[in-house]
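Next come the structures, one after another.
Next come two complexes built around chain A: one with chain B, the other with chain C.
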Partner chain A sequence: MNKEEIKRALRKIVKNPTAMLGFVLLIIFIIVAILAPIIAPPDYPIESNLKEVEDALDDFDLSKKTDILFYFNNYLNSEYQFIMMDYPDLMELKDTLTKYEKNEVSFDELYFLTSELASYYIIDRYYLNRLTENVNSALKELKREISRQENIYKEAIRIKTEIEKLENTSDNNFKKQAETLHKNIYKSYIKKINYDPYIMRKVTNRNEPQPPSSEYKFGVSGGRDIFYGVIWGTRTGFKIGLIVVLISSSVGIFLGSIAAYFGGIVDEIIMRITDIFLSIPFFLGAMVITTILGTGLDKVMISMTVLGWMITARLIRGNILQTKNEQYVLAAKAIGVSDWKIIIMHILPNTIFPVIIQASMRIGGLVITAAALSFLGLGSPQGYADWGSILSYSRDWMSPENWYIIVIPGVAMILFVLAWNLVGDSLRDIFDPKMRM
Partner chain B sequence: MDKNNKLLVVENLKTHFKTEDGEVKAVNGLSFELDYGETLSIVGESGSGKSVTVLSLMRLLDENGYIADGKLIYKGEDLKNLPDNKMRKIRGKEIAMIFQEPMTALNPLFTIGFQIMEPIKIHLNKKDKEAKQMAIGLLKKVGIPEPEKRVDQYPHELSGGMRQRAMIAMALSCNPKILIADEPTTALDVTIQAQILELIKELQKEYGMAVIFITHDLGVVAEVSDRAVVMYGGEVFEQGNIIEIFKKPKNPYTWGLMNSIPRLDLEKERLWAIPGSVPSAAKFPKGCKFSNRCFLKDDKCINDHPELIEVEKNHLSRCFKIKELENEIIKVRSGDSL
Partner chain C sequence: MITYIVRRLLMIPLLLLAISLVVFSMGQLLGPDLLVSAYINPNVAERMTAEQLNSLKEKYGLNDPMPVRYAKWLSNTLKGDLGWSQVGKEPVLDAILNRLPYSIEIALWALFPIIGFSIWMGVKAAVKHNTFFDHFIRVFTLIGWSFPDFVFGIFILLFFYGVLGWFPPGVISVEGFQIMRSPEFTNYTGMITIDAIFNWRWDIFIDGLRHLIAPILTISYLWWAYLLRITRASMLEVMRKDYVRTARAKGVSEKNVVHKHAKRNALIPVVTVSGQFIIGLIMGVIIVETVFNRPGFGRLTANAAQTLDYSTVMGSLLFTSIIMIVGNLIVDVTYALIDPRIRLE
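So, the complex of A and B:
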């Protein structure tokens, strides 16, 4: 694509108001998604010891050195005390496990040790019950649990050595070192408690919606801040749309090109499989697959990918078959262009644009489907920032005075879909050679 | 020994297609020779096998088509057995081709400059800049005004005649020895047709290349060629010097084609036409393939298959009724002069 082409494309966008609107909307959504942590800052959890360290560092003098070290050690104790104590017992269990697998100890010994550990709450009773039900899978689960706890222990040791290092740092470097360590430990704390900024925090325990106010700009639904959900939901929307479209389109392009290229029996088999998949109603199929796999955003994405590749496959196959017989392909052959160059230069560019356009238009639709699944409770987990989930909180409260719980996330969704459709449309105008004039 | 001096010798070419109805013999025993700088026309209605002949020559047949028999000797080498990579070096460089539909024969996504540069880059190993200069020179040569501007334009920005000129520039870019023109004027306006024919003739003289014209229009044949092969149903019906054929046609089919040309110098109520149309490949009559449409046919024509015979020196025809045709022609022509 040369400069002239780009200029022409830009001129086309600027001249066409709907295309302009599409691109502007999309750019706004992209900016919102990128700046989400600034527009709607997540409410990071506070740990009292680390907070004390932070305060001391803000207003630092050397007299506070012992305080800081004290709070660091205090944090280590409060968070990792148990694992430090439990670690030898866990290692014993691990040993016994390996020995049991080599038949060096009996099942009774293993069971006894496990029950002992369970009675001290070192491991969950659940594993004990599993051992009586299904030994093999219980062993696997136990191993996973042990290695998880081992990782926590390693983290504890790491923090401990870091703190010891800090103790021996000279006074000049102390502040800087302490600041890095604080950041470091806070990060590990966030990870340890599994904090996810995508989860909308609960701002109230009351379930009824609250209208927009200065504190909650878009109101509160299901006890959660709608503003936060809408902003972070933009990221979810992009995540769902782009990932599903990218994977399903790649699968479609791959299968469609293979079918068109090889023809014959391969074509027949692939296209019949495509037909079978196409005969499944999309929404119903997505519901069934999500239910089988279990709820969750990733499961929704899997089900939409599984049911989303067929149109692309058909499209690219048809286009390749048609382009293959175009006279310019024959003309290119007649001037001695090699086969792979014909495929890459003459066939693919003439077939790929409809697929790209179709994919960009599909992104909007996929977000709607994901929202519908979330609305039915099959999509994202409780409180996940996703437009569909926010809508699902409104199920029990739909009435005109509660308009904001539906209209606000609904408008966000409509604009998102509209943006992609308009962009897809203008892409067609720009790239479709038949519409060039 | 004579044959090795010829540029191209096609001997008993047979091209078959595998279809659901069985094997279709699209070209059945075609032979001709082509000298340096000579022009040969292959004439026939749609479905007579003329396009298949040149596609066989270029080895660009569809997947279900194949050369069943015969020789395609180009400069002493049989193209039929050439490996693909060597054949690719012949296409575009030694034998170039222009197509009927300039609308569809150029890729809509690339500028015409890019498409003219493609064979130059492939065969002559030129860099972009030099290739572009050559493309501009070629566009000038084929009579496109403002070639510096046109070179960066897309096919849709050019008129049909311009596009055909661009196609010709593309075909000439590597100075081929043979130019195959597959109905190059069919899709163009009458005024443009004459220009394009004139252009091809001029360029042929300048480049000294041989031209194979594929056409259904005997008017075009008379205009440009030295010799002609008239094909029907995949078989040669008449072959010879163009003046001989026009003066003394030896086949009712050729005679029919000649009478189908509109003529301004004769006052006729209606234009004469060959009755019926070319049957599909599997449905030709079993005797003479033209027997169901021929005005001279009798039982012999319907039951027996005529062979190609040399009626006069270098003038071949496939017909049982050459005598009757001669009488008929004398009758009609004396009527004309009255």
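So, the complex of A and C:
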């Protein structure tokens, strides 16, 4: 595309009111998604010791140095005290496990050691039960648990050395060092307690909806703040749409171009596989795969990717078949350019536009499917900031006075999908006027 | 033409085999531990010891190599034995067949308004290209296209039931249900409105229809949007064709040009889409029956997925895939019958 064409395309967009609406909506959503932590700040958990450090650092003088060190050590003790104490025992268990696998130790010895550790609450009793039921899988689970604990221990040691380093820094550097350390430790704390800003926190334990107020601008549904969910849901929407479209389109482009370029038996096999996948109904198929893999946004995305590459593959195959016999491809072949280079450098750039347009038109539908899965309780986990799950809370409270729990997330979703559809539509109008609907 | 149909028919068993393989391998992702749950209640399975579980796995051949298991599963499936449905509390095939009438009822009722309305409006919008009516239709379809079906269903429920109290969820009122269960009412098909006509009970018919309108409206709106777009686009294309100009030139009235010459050819792409449309109805039914609380095939599937009832979910997938293959075949053959260009291949 040269400059002139880009100019012409831009003029067409500006002249077309629906296209402009789509782009403006999309830009608003992008801004909201980027600024989500500012518009609806997540409620990061507070750790009392780290909070003290933060306060001390806010108006710092050297007299507070001992305080800060004290609170850091206090944090270390309160969070990692047990793992420090348990570590030798865990190592012993690990030793015994490896010995058991080499048949150097009997099962009874292993069982005895495990039960002893379980009685001191070093490991969960669950593993003891597992050992009696199914030894092999229990061993696997135990190993996983030990390596998890080991990682925590390593983290504790890391923090400990960092604090010791801080103790030895000069007074000039102390404040700066302490600040970075505080940031560091706080990050590891967030990670340790598995805090995820995408999970809408519960603001109340009552299930009934609360109307919009100054504190909760869009009201409360299912005990969770709708405003927070709607804002962070934009990020979820983009995440689902873009990732699924990117991966599934790449798979489709890859398979479609191989099929078209090499032809013959390769083409036949790939296209028959495509046919088979096309005769699986998309929504039900996604439902089944999500059910099998278990709930979670990543599982939803996997299932939609698995079932979403076929149309792209067909499209790109058709396009390549058309361009395959063009003179520039034949010329490239004649001078001995390799097959892959011809596909990537010569054919794809000339055939990819329809795929990009089609991808942008698919995003809306994908977001709808993901939301529908969440609505059925199959998609994102409990409390995840996702429009579909916010709507699913409303199922038991459907009455006119609770309109806000339905209309607000619903409208957000419609506008998001509308934005993508309008953009895809106008892109198609511009680049492929024949297809205009 | 006949060779084409024969070729397509010969492809069907192969496709079915391939689909069964895909569905089977999806089930295999579960692993033998979870697969047991397709045969017995998971709550019971949890309390079983490892040995008992192993003997169960042995019994159902879950520890066999993959091809053996596939052969066993396939022979069972061909016999109609898809396993036990925990949600339906009966064998999977029975559970699906018993609930199907409710879903077919929605699909049947939705079919005519969808196709009739969208063809009528689509043709009209194309004839009145770039007028206010046309723009209105464009906006209408764009919004419909962006409306997630469950959101639209909830909106409908909120407005027509919550505010106006017209169309309640469910399939029939309590009184109607009692009449239906009484001896003088015979259930022929399991579809409430159809049975009511056969029994000449118009009160039941109206009762059933009242519960049907909101789901039909929900499914229809989204398909109106889609079919309208396609009818309008293809009609616009045909109206620019030479033969239409010729017809006009020789003095055929505008009405005849549109309805006799243009519309017929414009509807060819609409036929292709109707294949997707049958599938779309099945999918739409899953959402609509969940939103409007109707005990049909779609809700069975949704409930099964929610409670991790794998055998039912797999059965539904197999069932709909078969419908989809057969539906696509019918569409392709009709397409070949209508469009002479296809026959040459």
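Operating definition for what follows: the second predicted complex is superposed on the first by the 402 of 437 C-alpha atoms of A that agree within 3 Å, B and C clash if a C-alpha of one lies under 4 Å from a C-alpha of the other, contacts with A are read in each partner's own complex, and residues count from 1 in each chain.
Rule of thumb we're sticking to: a contact is a pair of C-beta atoms (placed from the backbone, for glycine too) under 8 Å apart; a residue touches a chain by one contact, two chains touch by 3 or more.
Worth saying up front: this structure is predicted, and the values here are computed from it rather than measured.
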Winner by number of chain A residues touched, once chain B and chain C are compared: C
Chain B versus chain C as contact partner of A:Gly377, first or second or both or neither: second
Touching partner for A:Pro17 - first (chain B), second (chain C), both, neither: neither
Touching partner for A:Ser279 - first (chain B), second (chain C), both, neither: second
Which superposed partner A:Asn350 touches (first chain B, second chain C, both, neither): first
Touched partner set for A:Leu391, first chain B, second chain C, both or neither: second
First (chain B), second (chain C), both or neither touched by A:Pro211: neither
Chain B versus chain C as contact partner of A:Met413, first or second or both or neither: second
Contact residues common to both interfaces of chain A (with chain B and with chain C): 436-437
Residues on chain A engaged by chain C in the complex (per definition of touch): 18, 133-134, 272, 275-277, 279-285, 287-293, 364, 368, 371-372, 375-378, 391, 394, 398-400, 403, 406-407, 410, 413-414, 417-418, 421-422, 425, 435-437
Parts of chain A lying in touch with chain B, wherever the complex brings them together: 4, 326-328, 330-338, 346, 349-350, 433-434, 436-437
Residue ranges of chain B touching chain A (in the complex, touch as defined): 58, 60, 88-93, 96-97, 99, 101, 104-109, 118-119, 122-123, 152, 154, 156, 167, 170-171
Of chain C, residues touching chain A in the complex: 15, 18-19, 22, 26-27, 29-30, 49-50, 138, 142-143, 145-151, 154-155, 157-158, 161-163, 229-230, 232-233, 279, 282-283, 286-287, 290, 301-302, 305-306, 308, 310, 313-314, 316-317, 320-321, 324-325, 328
